[in-house]
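In the two complexes that follow, chain A is the common piece, with chain B as its partner first and chain C second.
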Partner chain A sequence: MGFMILLLTGFVLTFTAPWIRRRLRKWSLPVFLLYPLAALALLWNISETIQKQSAIAVSLPWVPSLGVNLSLRIDGLGWLFGLLISGIGALVIVYAHGYLHHHPQENRFYGFLFLFMTAMLGVVWSEDIFLLFVFWELTSISSFLLIGLEHPEEKARKAALQALLVTAGGGLALLAGLVGLTLITGSSNLSVMNTLNGKIVQSELYLPVLLLILAGAFTKSAQFPFHFWLPGAMAAPTPVSAYLHSATMVKAGVYLLARLTPALGGTPQWHTLLTLFGLATLLAGAFLALGQTDLKRLLAYTTVASLGTMVFLIGLGDSLAIKSAITLILAHALYKGALFFVAGGIDHSAHTRDLNRLGGLAGTMPFTAFAAVLAGLSMLGLPPALGFISKELVYEAALESASGGNALIALIALSGVTAVGIWVAFLPFWKKPDEQTARGHGEEITLWLPPVLLGLISLGLGLLPGIASKALVQPAVEAVLLKSTPVKLALWHGFTPMLALSGLTLAIGTVLALNRMRFQPAVQTILQTLAPISPERGYERGLTGLKHFAALQTNFLQNGYFRRYLMVTILSGILLVGIVLLQSDSLPWTSFTPPRFYEVILVGVILTGVFSVTRTSSRMVAAALLGMMGFTIALIYLLYSAPDLAMVQFTIETLSVILFVLVIYRLPQFTRTRGGPPAVLDVVVSVAAGVLVTVLVLTLSAVPHDSLVTSFYAENSLKLAQGRNVVNVILVDFRGFDTLGEITVLALAGIGVFALLKLSGKTEAIRTSSQEETK
Partner chain B sequence: MKARSMLLQVAVAYLMPLLLIFSIFLLIRGHNEVGGGFVGGLVAAAAFILHAIAESPKATRAHLPLSPDKLIAVGLSIALLSGVLALFQGNPFMTGIWLKQPLPVIGKVGTPFIFDVGVYLVVIGVCLHILLNLAEDER
Partner chain C sequence: MNVLLAITAGVLFGGGLFMMLRRSLVRVLIGLLMISNAVNLIIFTAGRLVPARPPLISAGESALQPPYADPVPQALILTAIVISFGVTAFAIVLMQQTYRSLGNADMNEMRSTDTPVEDEEEAAS
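So, the complex of A and B:
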């Protein structure tokens, strides 16, 4: 239950955090830290249960009619992710207090951050897949808000939109896939689905469901060819990049794949698709990274490569591969988060992230340099950091898989990643400064403490592999594979092929790193030649295409002339209703009672009004004539004993005449098209509309009237709703919900008219002022 | 409006209170006789617009206890809250709740009546919001 309350508190914090921050200023730090620390405490509390390979589950009914429940289940995998999310989250809060100090959007940042933290915890703790989906989408939305934090800059807005469109587009596919999965298994419960592998795999829906779910996971985890949004997302402030775009959110796709392994995995399709896309992403990420000079973009592309490795390992799917995937998730979150923090610290101090302008910062930023070395050891895969163990495992899994090519691809790509690691972790601090180098000015504790802590944890887990394997990795692996799998991580395995590969990676990586100036221009040239066929360009083309299509459609249907709108509306009405009427039986000409003389007079008045409106040349006269027709119609209501309607009609007509009069002042001269084709068309359309309505009314009145509803209202108006005026009782009681909707629409219309009146004046002013400027 | 009619001004001074009382009368009797919040609101709006024509939109705004946009907001909130009340009794949204004893003058009071008051206010608010703004911007 504590977990449920925690998530609810997170949503409350989303809305109150900006206010708390404004009130408490720097004292908000300890208050904000309470949330992730509470999460850590809750997780610590259940650690014994997790070690025993069991799980904590809570469930509350949410949408019982759809069988969707608010059910959480925390097992080894959710536990490990929960630790990462809340632990790194706490450090991000500390870091942001230093990094975003005096940032104009500082207060709202914390609101978005808590939204994300809560949503991400929800993703990894959800037992119901639709609950998971809701949290999944919330992480996309919070990511959009956080990337767009610098919204005055166009680049940030564009990147935010790109990330949202790609991940939310994938989210739609995911939703369809999850619905399909529920159709096959008859349950939206993850644990139930995970026991039905045979049924799912044999279903004819298996392949479409798999493809849809993979689309969701691949877009979220930035797999090739959807990888391009992640480097774009670097427009976000560094704490966001460290948290969302390297340590946690981008791993949501990987999490989902791991989570659904028992349900969907074990088939050739699963194996082929995941390893193929994983390796492609690994290669693309490593290659693209080699062409970058911006610290954050370098880190972003290596993150893409690491995510590719994780997907590849999950695709292999045996217990060794899952073990190495989980270890990599842990190691990567620790070192990549730390390196992002370091990059942010450098940016903060030297005001640049360009490799070519950085160097010699070790003197002014000793603690940041220390953190960079700690994290760098892990990224390079040097003992005794956790990264070393994880890299050994990756090679072992790749070697054991069927084709030896996998290990070769991994070797090439990981060498590239190693080179980038050296650039990011060592170049800014120890390269000899030259005349281009930017000067750094000191460092702050809030900016170096978080990466140092992460680096120390990474080192500690490497030195004590027993704790890492038993407490963290094994429960997660068992939660993925759903069977007891002993995990023993160790630093030293003896002289193995893996060790040789690790050494080789390091050697190639170092050579690459030292010769940066020589080959980086070549990589950049290749990337520029490939740019026209890059997925990012494809995305842009799709977007412009969509805009063109929308503009085309809008220009056709809504060209700004009221005539056109009316014409389109009336013609489509005639067409749609007319087709149905023609298909129904021939007109039932029932016998009519002969009209009474005052009815004839009233209709005569209306007809005179109609004729005069078409002949008049003054707007004012036209408005008055229309009002006259309205009043006559009100009289007809009275004749047929509908006083309520008549009364409304009278007041409405009065107000509309006033409205007309007020509007007429603002309209240009009344120009009249006399004769010619447009006038003929107008006559044809209006006559057709009149005929249609007449025929419709006749047809409807011939249909035997079902009086069940009428008599129900008449009988129960007083009994159930305590009112004798049936019309009003229907409005405010029986169909009160409709009325509520209607008055809401009315209110919106009022606001809309107001906006049109006020804004149209403004845009004109803007237009004229800009014209004056150009003159 | 450039030229104001003295006749209209004097007439409005007497008509406006009458029209407003009539609109409230329509609102209250609506549940049993011809009337209701919608018509009542329209009549009240017409009364205010009449005043705006006779005097000036600015003078009318000064007479309003709340600006039209606030009237819309208050009206919508009242209508919504009247429906929410039933939730506290464990009934579905918008179930009618009635006082046992009728109040003097007003008669029986229940949540549908409160809802109608909300409708009344929204209608006045929207009409005045549109018409007063149009009248003010006149050239």
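So, the complex of A and C:
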């Protein structure tokens, strides 16, 4: 239950954090820290349960009619992610306190941050997939808000929109996939789904569901070809990049794939798609990273590469691969978060993130340099950091998979990542400064303490692999595979092929790193040549196309001419009703009653009136014809037992014609607007609409007529309402309130008429006075 | 007769629509009036035609004796006639005001009703 309250508190904090921050200023830091620390305490509290490979579950009914519950379940995987989210979250709060000091959006930043933290915890703790989806979308939204924090800048707004469109578009696909999964399994409960692998895999919906869910996971975790939003998201302030776009949010897709492995995995499709996209992402990320000079973009592309590795490993799916994926998630969150913090510190101190302008900062920023070395060791995969263990595992898993090419691709890509690691972690501090180099000015404790802590944890876990494997990795692996899997991580495995590959990676990486000036321009040239076919360009084209289409459609449907609106509406109506009528049976003519001769005359009068009205060019004739038609209709009412209608029609028609004639003399002649294109289309549309109305009336009168309402009024109007004229009784008694409404409408129309006339008097007065002045 | 009335309603509706598609504001208004009459006829005909049996309870009876004309569509049409008069009155005055402030009654020229003619002249000068 504590977890449920924690999440609710998070949402409350979302709205109150800016206010707290404004009120308490500096002292808001300890208050804000309470939230992630409370999460950590809760998680610590259940650590024994987690070690025993069981889980904590809470459930509240939410939408019982749909079988959707507000249910949380924290198992090994959720626990590990929870630790990362709240632990790194606490450090981000500390870091942001220094980094965003005096930032104009500082107060609201904390609100967005708590929204994200809560949503992310919700994603990894949800037991119900629709609850998970809601939290998933909330992370997309908070990411949008955080990337766009510097909203006065166009770049930030564009990047925020791009990230939102890509991840929320994927979110829509994910929702469809989850609905499909629920249709197959009949449950929205993750644990239940994870036991129904056979049923899901054999279903004919399996492939579409798999593709949709992968679309959601791949866009979220920035897999090729959706990777481009992640470097764009670097427009966000560095604490956001460290937290959302490397340590936690982008891993949500990986989390989902790991979580659904028992339900969806184990098939050739799963295996092929995940390994293929994973490796493509790994290669693309590493290659793109080599072309960058901005610290944050370098880190962003290597994050893409690492995410690709994780997807690849989950695609392999055996226990070794899952073990190595979980270790990589842990190691990557620790070192990449730290390196982002370091990059932000450098930016804050030297006011640039350009590799070409950085160097010799070790003297002015010793603690940041120390943190960079700690994290760099892990990124390069050097012992004794956790990154070393994880890289060994990646190679082991790649080597054990069927094709040897996997290991080769991993070798090439990871060498590139290693080179980037050297650039980011060592170049800014130890490169010899030259005339281009920016000067750094000191460092602040809030900016170096978080990365140092992360680096130390990374080192500590590497030195004590027993704790890492037993306490952190094993429960998560078991939660993914749903079976007991002993995990033993070790620094030293003896002389193995993995060690050789690790050494080779390091060697190639170092060579690449040292020759940066020589080959980086070449990479940049290649990237520029490829730019026209890059997925990012595709996204831009799609967006422009969509805008063009919207403009085209709007111009066609709503071009500002009244007749176009009317025409479109009527044509759509004719089309829709016409289709239904054509599909129904042939017209029933049974209800035909022969007309009497005076009825024929009345109808003839109306028809003549219609034709003359459309042809006359005199306003007076038109008014007279209108009146004639109205009175004839009144006569028809009279003939067919509706005396009340006839009387009202006589009165109203007279009034209308009088009003019309009074006003009409102030209006121009018809002849003024004569000419223009021939009205063939108008005639066709009008005739079609007329025919449709005729057919509709005939169809309506053929439907058997038995109305309960009518007989009720027929029997009760004298009994209950003491009235003999049933139509009157309906209007003033049974439906009295409707008549009141009608009176209100009339009164409003009257007020409108009055106001318009009054208004005209004024403008006229103004106009005449100004005319007199000009005279 | 119902077939005849159905055709009448159709012609009235079609003719009204044709008028509403004209450029002259006055014709659009005439079209509107014709269409509201046509719709009343549609409801009336669809509610069955019963000659010479108005829905009145004669003296000595306690309820309507069949056959009788359905009072429900009649009540409906009565309301519709009155409301359409309100609409007509408002539309006529609105039309007159539009003409007065814009200086023309051509639908095609009325693309920017929110900027009165005077303002446009100012902007041009």
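Please note the rule applied: the second predicted complex is superposed on the first by the 560 of 775 C-alpha atoms of A that agree within 3 Å, B and C clash if a C-alpha of one lies under 4 Å from a C-alpha of the other, contacts with A are read in each partner's own complex, and residues count from 1 in each chain.
By definition in this document, a contact is a pair of C-beta atoms (placed from the backbone, for glycine too) under 8 Å apart; a residue touches a chain by one contact, two chains touch by 3 or more.
Note that the structure is predicted; figures quoted are calculated from it, not measured.
Peer 1: Of chain B and chain C, which one contacts the greater number of residues in chain A?
Peer 2: C
Peer 1: State whether A:A679 touches chain B only (first), chain C only (second), both chains, or neither.
Peer 2: second
Peer 1: Pick one for A:F737: touches chain B only (first), chain C only (second), both, or neither.
Peer 2: First partner only.
Peer 1: Which partner chains sit in contact with A:V663 here, chain B, chain C, both or neither? Use first/second/both/neither.
Peer 2: After superposition on chain A, A:V663 lies in contact with both partners, chain B and chain C.
Peer 1: When the two structures are overlaid on chain A, which partner does A:L655 contact: first (chain B), second (chain C), both, or neither?
Peer 2: It touches chain B and chain C both.
Peer 1: Touch check for A:V693: first (chain B), second (chain C), both, or neither?
Peer 2: Second partner only.
Peer 1: Scan A:V727 for contacts with chain B and chain C and give back first, second, both or neither.
Peer 2: both
Peer 1: Output check: A:L566 vs chain B and chain C. Expected answer is one of first, second, both, neither. What do you get?
Peer 2: Touch status of A:L566: second partner only.
Peer 1: Looking at the overlay, what does A:V58 touch: chain B (first), chain C (second), both, or neither?
Peer 2: Neither partner.
Peer 1: Which partner does A:T710 reach: the first (chain B), the second (chain C), both, or neither?
Peer 2: So A:T710 only meets chain C here.
Peer 1: Starting from the residues of chain A touching chain B, keep only those that also touch chain C in the other complex, and list them.
Peer 2: Touching chain B and chain C on chain A: residues 643-644, 648, 652, 655, 659, 663, 666, 724-725, 727, 731, 739, 746, 749-750, 753, 757.
Peer 1: Would you mind writing out the residues of chain A in touch with chain C in their complex?
Peer 2: 560-563, 566-567, 570, 589, 591-596, 599-600, 603, 606-607, 610-611, 613-614, 619, 622, 626, 629-630, 633, 636-637, 639-645, 648-649, 652, 655-656, 659-660, 663-664, 666-668, 670, 672-673, 676, 679, 682-683, 685-698, 700-701, 705, 707, 709-710, 713-719, 724-727, 730-731, 735, 738-739, 742, 745-746, 748-750, 752-753, 756-757, 759-760, 763-764
Peer 1: Over in the complex, which chain C residues touch chain A? Could you list them?
Peer 2: Chain C reaches chain A through residues 1-15, 17-30, 33-34, 37-38, 40-42, 44-46, 48-59, 61-64, 68-72, 74-75, 77-79, 81-90, 92-97, 99-101, 104-108, 110-111.
Peer 1: Give the list of chain A residues in touch with chain B in this complex.
Peer 2: 643-644, 647-648, 651-652, 654-655, 658-659, 662-663, 665-666, 720-725, 727-729, 731-733, 736-737, 739-740, 743-744, 746-747, 749-751, 753-754, 757-758, 761
Peer 1: Sort out for me which residues of chain B touch chain A in the complex.
Peer 2: Chain B residues touching chain A: 30-39, 42-43, 45-46, 49, 53, 68-69, 72-73, 75-76, 79-80, 83, 93-94, 96, 98, 108, 110, 112-113, 115-116, 118-119, 122-123, 125-127, 129-131, 133-135, 137-139.
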